Amino acid sequence: MMLENQTLAPSDGYVTADGRQIGGVMMDLRNITLRFGGVEAIKDISFDIREGEIRAIIGPNGAGKSSMLNVISGFYVPQEGEVWFNGAKRPPTKPYQVARQGIARTFQNIALFEGMSVLDNVMTGRLRQMSSGLFSQALWWGKAQTEEVENRAAVERIIDFLEIQSIRKTPVGRLPYGLKKRVELARALAAEPHLLLLDEPMAGMNVEEKEDMSRFILDVNDEFGTTIALIEHDMGVVMDLSDRVVVMDYGRKIGDGTPEEVRNNEAVIDAYLGVSHD
Amino acid sequence: MFYREAGDFKTSYVADSQTFPLKLDKVGFWVTMMVAWGVIPFVITDYWASALLVPFLIYAIAAIGLNILTGYCGQVSLGTGGFMAVGAYACYKLMTSFPDVNILIHILLSGGITAAVGTAFGLPSLRIKGFYLAVATLAAQFFLVWLFNKVSWFYNYSASGQINAPERLVAGFAVTGPASPAWAQYLVCLFFVTLCALIARNLTRGSVGRSWMAIRDMDIAAEIIGVNPLRAKLSAFAVSSFFVGIAGALFFAVYLGAVEVGEAFGIQKSFLVLFMIIIGGLGSIFGSFAGAAFLVLLPVALKIVGVDWLGWPTDLVAHFQLVIVGALIMFFLIKEPHGLAHIWGLAKEKLRRWPFPY
Amino acid sequence: DLVIPDLSYRTGPYAAGGTPFSDGYQDYFNLLNARDGGIGGEPIRVIECETGYNTEKGVECYESTKGEGALIYQPLSTGITYQLIPKATVDQIPLHTMGYGRTSAANGEVFNWVFNYPANYWDAASVMVNYLLEENGGSLEGKTLALLYHNSAYGKEPIRTLEDLSKLHGFELKQLAVDHPGQEQKSQWLQIRRERPDYVLMWGWGVMNQVAVQEAANINFPMENFIGNWWAGAEHDVTPAGEAANGYKSLNMNRVSDLPVFGEIKSLVHDAGNAAGDGSNLGSVLYTRGMYAAMLASEAIANAQEISGVSDITAAQMREGMATLNITNARMEELGMAAIGPEFSVSCQDHGGNGLGIVQQWNAIDKTWVALTDYIAPDDSVTGPLIKEDSAAFAAENNITPGCL
Amino acid sequence: MLDKSPVETLLEVNNIEVIYNHVILVLKGVSLTVPKGGITALLGGNGAGKTTTLKAISNLLHSERGEVTKGSIIYRGERVQDSSPSDLVKRGVIQVMEGRHCFEHLTIEENLLTGAYTRTEGRGSVQDDLEMVYNYFPRLKERRKSQAGYTSGGEQQMCAIGRALMSHPETILLDEPSMGLAPQLVEEIFTIVKNLNEQEGVSFLLAEQNTNVALRFAHHGYILESGRVVMEGPAADLRENPDVKEFYLGMSEEGRKSFRDVRSYRRRKRWLS
Amino acid sequence: MSADFLYGIEVLINGLMAGVLYALVALGFVLIYKASGIFNYAQGVMALFGALTLTGIMSGQVPFAHLINATFGTHIHNFGWNVPALGAIALTLVVMVCFAWMVQKFVFRHLVGQEPIILFMATIGLAYFLEGMGDLMWGSDIKKLDVGLPQGGSRWVEDITAGLGGDDFYGFFIDKLDMVATLVAAILVISLVMFSQYTKQGRAMRAVADDHQAALSVGISLNYIWILVWSLAGLVALVAGIMWGAKSGVQFSLSLIALKALPVLMLGGFTSIPGAIVGGLIIGVGEKLFEYLIGAPFLGGATENWFAYVLALIFLVFRPQGLFGEKIIERV
């Protein structure tokens, strides 16, 4: 209805605060409602994510932010609403198919494969790019081998990029929290995604580490043109990095706009920021 | 500094993903292979073959198979006995229906048939997880045993329901049947062990293996990352059953020669193979060998010590055997929950750092 | 010396049956050593090896003992027997599977190295039917017989014979399978209660027997119409049910009574501290059977020594001795075990003995088995062709040309 | 720089070493003291060993195949290295673990009640404490009947802290309480910590990444780097230290830097060379 | 009513009773699983061990007699006294508690925080150990267990129901032992449910099951809780051992009843005490009816073993955590 016109029209031109040109709508969430038994985690929320932007989702704990990412990943199926991706309505899709369409993510409670080394974890991110069959792999012949080497090279570039060379062969179970988060990011990047979903990538980090992480995020966004959706509680980070911010509270959307607009939104200040941030 | 990797530089990714990145390991591997292929066949006796080596090799294959499913893909299965039975009966039917085809091909085909059956029984794993799945695979175990017991077509309508392996030759030498010499039995098993270990190693270092491990470590995250759980789980079931089927075929045709399904492939077999991989080390091919060796050799060793050396009554020794095996299992788990393979790994790590402990 | 391996099982699910048998088997050889210095002056060396009724361990035991110069194997397990038949044939060591194992091994021309005298399962089935015929005035027309069997190779053995016999005598045969281990038989016994067969025949082993006897008592099935085969007729099969088991019948291939030889064993073996087990099984059904098996083996050894003229015989000579064995009442009397078994003789063609069996009944008050009949003969016209057919199939499968050695 | 005020020392950690798995040396001689009635902050980057230090104190290392190989831990003048975690809780030391660790299948209320496990007073006082916790965290009251596994990250964090409060502790070891919490809530939780400290006299040892907040509320601070204490002092002093300012508070001489600018500079620690 | 229909009912009732007996074994599994996430494979052997000890004490057997005789050449077997049933049960319980304590002290306290499969494996080691130990202590012959429980079909039920059908119907058969077992199981289940839901220890038990580390951190003593549940499981094992031992004598195969409990667990859910009962009943009825209606007439019988598992499997496909099991929390 009304919303449809609104979201389909501006497929071009959107200029960010610092003057960067942002593309058209890539992911469009329309009237999403998600319930768990009696709990309504998301109540009729609509917003979009544009090509190439950094989109932040903020809100108090339990607002439904992570659930929203899960909807995008296809892990939660909303009771109502539609997900439009690249201009087409997405039919019911399994999470792994979503991933293969180029949507990668990290998780709030680190979900690394604890029994595998860092390298293997990151290589797992590249499943989308690998296609050799069981038989070829069993014999380690032909495609299996070349493919492995090619992808290994790509993964090594990401490892270099994130500066985790020294822990390449360490089992991830032994890593400290911050490094785990970085490995998770590496795994997501390995997929060379169009859309990268980050669920609190900087939780539990100190300033220095947050700066490192910010650098990676900005670089990815800039160099690969990857679109990023980001959940974060550190307002400094959110305000500095993101192009647009959605604010959720108790499953509802209470604000959406540039960091500047959001910062001055009364509802947002009441529900989330408390005192207006410096 | 016996054991070092310093100075062991890799210049290509191929070199870096080798099976044995360290030189010493590689040497050890080739020495083992040479002894196994070049020395043992000439010195092996009936006793060593039937009491120790042949069962060890066959169990090692089964353990590798189960380790792929349980250790690498995280799907605990208690249906190994049943799947071994499928391999055995498939082999029997093939041997008796096509006597002119080479037995080695029959054994491979038995693996293939078992893979199909295993995949079918793996379907519930898409919904059922953890111990629930383990218990669910018991359904396969009991059903298959019942089936082979009940449907007389499987045992060619023989009066007692037993199956007997007829004599079959490879390159002019009998490898099945009572007249097959010990070395021939040993070599056939060794051939399949080498083949299976190689395949297992290749599969577990590539993308297939990584999707298995991802499913094992955190299945939901794996799916969101892009692992197709259906494909990963079913391929693990298929590959695992393939190995287990080969083990079953060898167990029947080469090792025992005559088999009654409930006795040879009962639930204890499923447990035995599971013990092997846990004691040896989940998710480790070396561990599959270590576990198989441990559980094949230990009872025999205890028997020799108790009965032959100490001269105790056999029943006391048998009871003590249970007590000791049980106590040892617990002891190992307490000392090192991740199996013999991990103990080995830790020892290497210590050696590497020697003489500086940290 | 004369090496006799004893593949026993004193652990595992069937320990209760394996222990007394092995005790009797060994005690008798010990007696011969203590009393006569062995056989023909040659001492006997028994090597015990625990199998736990498990075929793999059975193979291990066989392999570890055969090199010691083993003369004869008596594994007391149908499963292990099947393993050993081809192996022993190749290694040329005789196998004695007494009342168990592969029935068609009675055909000595196909199974040169396997002996299953004095009787086999098909004989047992036929003896049971003959007994019932006698009880019913010669006709089982219109009667119903239920066969309650252990769902394994062992349990399925009598089915063909009974099917043939049912055609012959016009009774109806109902088959009830019980899965290993046999702890749950409620369905089967409810079915029996519903359908009220005239007789229940049982092929059971281990816990299946105890549960069956108890369940029969529970549904008030007339115990005298419940007949087990000779592996379902030991003391431990009936004692757990207490007095309710009174009247239960079973076959036996050997008589249980107070034999003079027990006294000798007591004084020369047990009191000398050489008992194989704890000595508590002396005289029980399976002990007696184990001792009987040892007696048959030692008689064969003596026979072989006589034929070959040497005292330290080889396995091949042992086979010779077994193939020409002749057990007479007089000899049994002489050994202090009068009428422990039937008179029979073995030939190169017939390794099965004459298949006689008695029917015994449990007296729960005195806790004794009472023999009800004398040795009853099986119907060879039924079992004979079956043996021919099955052994011919085996010969064809394994490229054996039947013939005497 | 040491704060020499004559307060009673509650907890004393003397030069401890911790090794995981028999091979990985993580703490290389850490010493610290927690005074009675104080809030002591333990700061440091990822993998510095904060969690390990706290677990060493509360004796939870054992189940992670870690062990204290050197040094001593003294609580109220007694060595506590060999006492079990439950003894420690009975003595009043309780840890709130990093990463929440709620009992997933128990409801929020049951989670809170397990916190009172070691207490022997009657039902009534436990009930009162429950009310107190609900007062501090009204959100928990709303979700009291939900299984903890299905609550959001923040709710779980509140649940974990509330659970610790239920044991009436004297000392709380708080591991990263602010992680994953909304700014408002972080503020709230630290206010609660402060209140508990001032009104009920609970002492805190606080491992935190959020240096900003931690130093605002703490009295004393230690900074850990790669298993060693590299700096310590009263919180106020640390806040003013230029290195701390730069590396832990993100301030430089020109004031706070925007995260957008990180690509153009990089901080380097002077004291680590 | 037709006799066939009535017999169907009879099969159903007996299925229910059999189900109760399975549930008794399953209960022990549930207790330990709930409290420690340990899938206790040794539960069946514990039942055997309990029953062996009970008969041993009742008949005044000397423990380790065979071993002592073999090493010292003595001939001791019996103390020559008989302990009355109730006293012996009490003594056996003491033994089971000691056993629980030792299991905790020597094994599981060293395995805190390990993955479930490792713990499972340890219980397998325990099963071996206990099996050998039982044999060493009490010998491997079959023992009769008689603690005075009634046995045999109930005449009373048979007489009053005989009139329901025609001449072909002989009245319902219900085993008196089964009736007693049902009663005992009901009491056990009710008290265990009350214990786990409403007491502090019960709550702590569930907390431990969820997260060992967190439980430690709030001051729950894992040792204490585990000794408690292993003792409870020992009690349940003893009860199961008595019931099954009365049916079939006390001997090795008793430990195999664990296999009958597994489908029950699957169906009822590993974590639910009422689930064990309901699962038991469904399995009992299902397998007996299947055998009666389809197995025996069409498939040649002996279908019960696999059918129980297949039935459970079918249920699981629709409810992966079993009927009453705690929902498996799947979140990221």
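A, B, C, D and E are the chain letters, set down in written order, and residue numbers restart from 1 in every chain.
We take it that a residue touches a chain if its C-beta (ideal position, glycine included) is under 8 Å from a C-beta of that chain, and two chains touch if they have at least 3 such contacts.
Values in this document were obtained by computation on a predicted structure and should not be read as measured data.
B-E versus D-E: which interface comes out with more C-beta contact pairs?
B-E
Tell me, please, which chain's centre (mean of its C-alpha atoms) is farthest from the centre of chain E?
A
Using mean CA coordinates as chain centres, what's the chain A-chain B distance in Å?
42
Hey, how far is the Cα centre of chain A from the one of chain E, in Å?
Result: the chain centres lie 50 Å from each other.
Hey, how far is the Cα centre of chain B from the one of chain C, in Å?
So the centroids are 37 Å from each other.
Hey, what residues on chain A touch two or more of the other chains?
Within chain A, the residues that touch at least two other chains are 75, 107-109, 111.
Going through chain C residue by residue, note those that touch at least 2 other chains and give them in order.
Chain C, residues with two or more chain partners: 10-11, 15, 19, 151, 179.
Two-or-more-chain contact residues of chain B, please, as numbers and ranges.
146, 220-221, 224, 313, 315, 319, 322
Enumerate the contact residues on chain C facing chain B in the complex.
Chain C reaches chain B through residues 8, 10-11, 15, 19, 48-50, 52, 54-57, 59-60, 63-64, 66-67, 78-79, 82-83, 85-87, 89-90, 102-104, 151-154, 156-157, 160, 179-180, 277, 386, 390, 393-394, 397-399.
Using the touch rule from the top, collect the residues of chain D that touch chain A in their complex.
20, 24, 43-48, 98-99, 139, 146, 150-155, 157, 176, 179-187, 209-211, 247-250, 256, 258-260, 262-263, 267
Can you list the residues on chain C that touch chain E in the complex?
Going through chain C, the ones touching chain E are 10-13, 15-16, 19, 151, 175-179, 181-184, 186-188, 190-191, 193-194, 206-207, 210-211, 214, 217-220, 236, 239-240, 242, 244, 273, 278-280.
Which chain B residues qualify as touching chain D in the complex?
346, 349-350, 353, 357-358
Across the complex, what residues on chain E touch chain C?
Counting only chain E, the residues touching chain C are 7, 10-11, 14, 18, 65-66, 69, 73, 75, 77, 135, 139-146, 151-153, 170, 173, 175, 244, 247-249, 251-254, 256-257, 260, 288, 291-292, 296, 300-302, 304-305.
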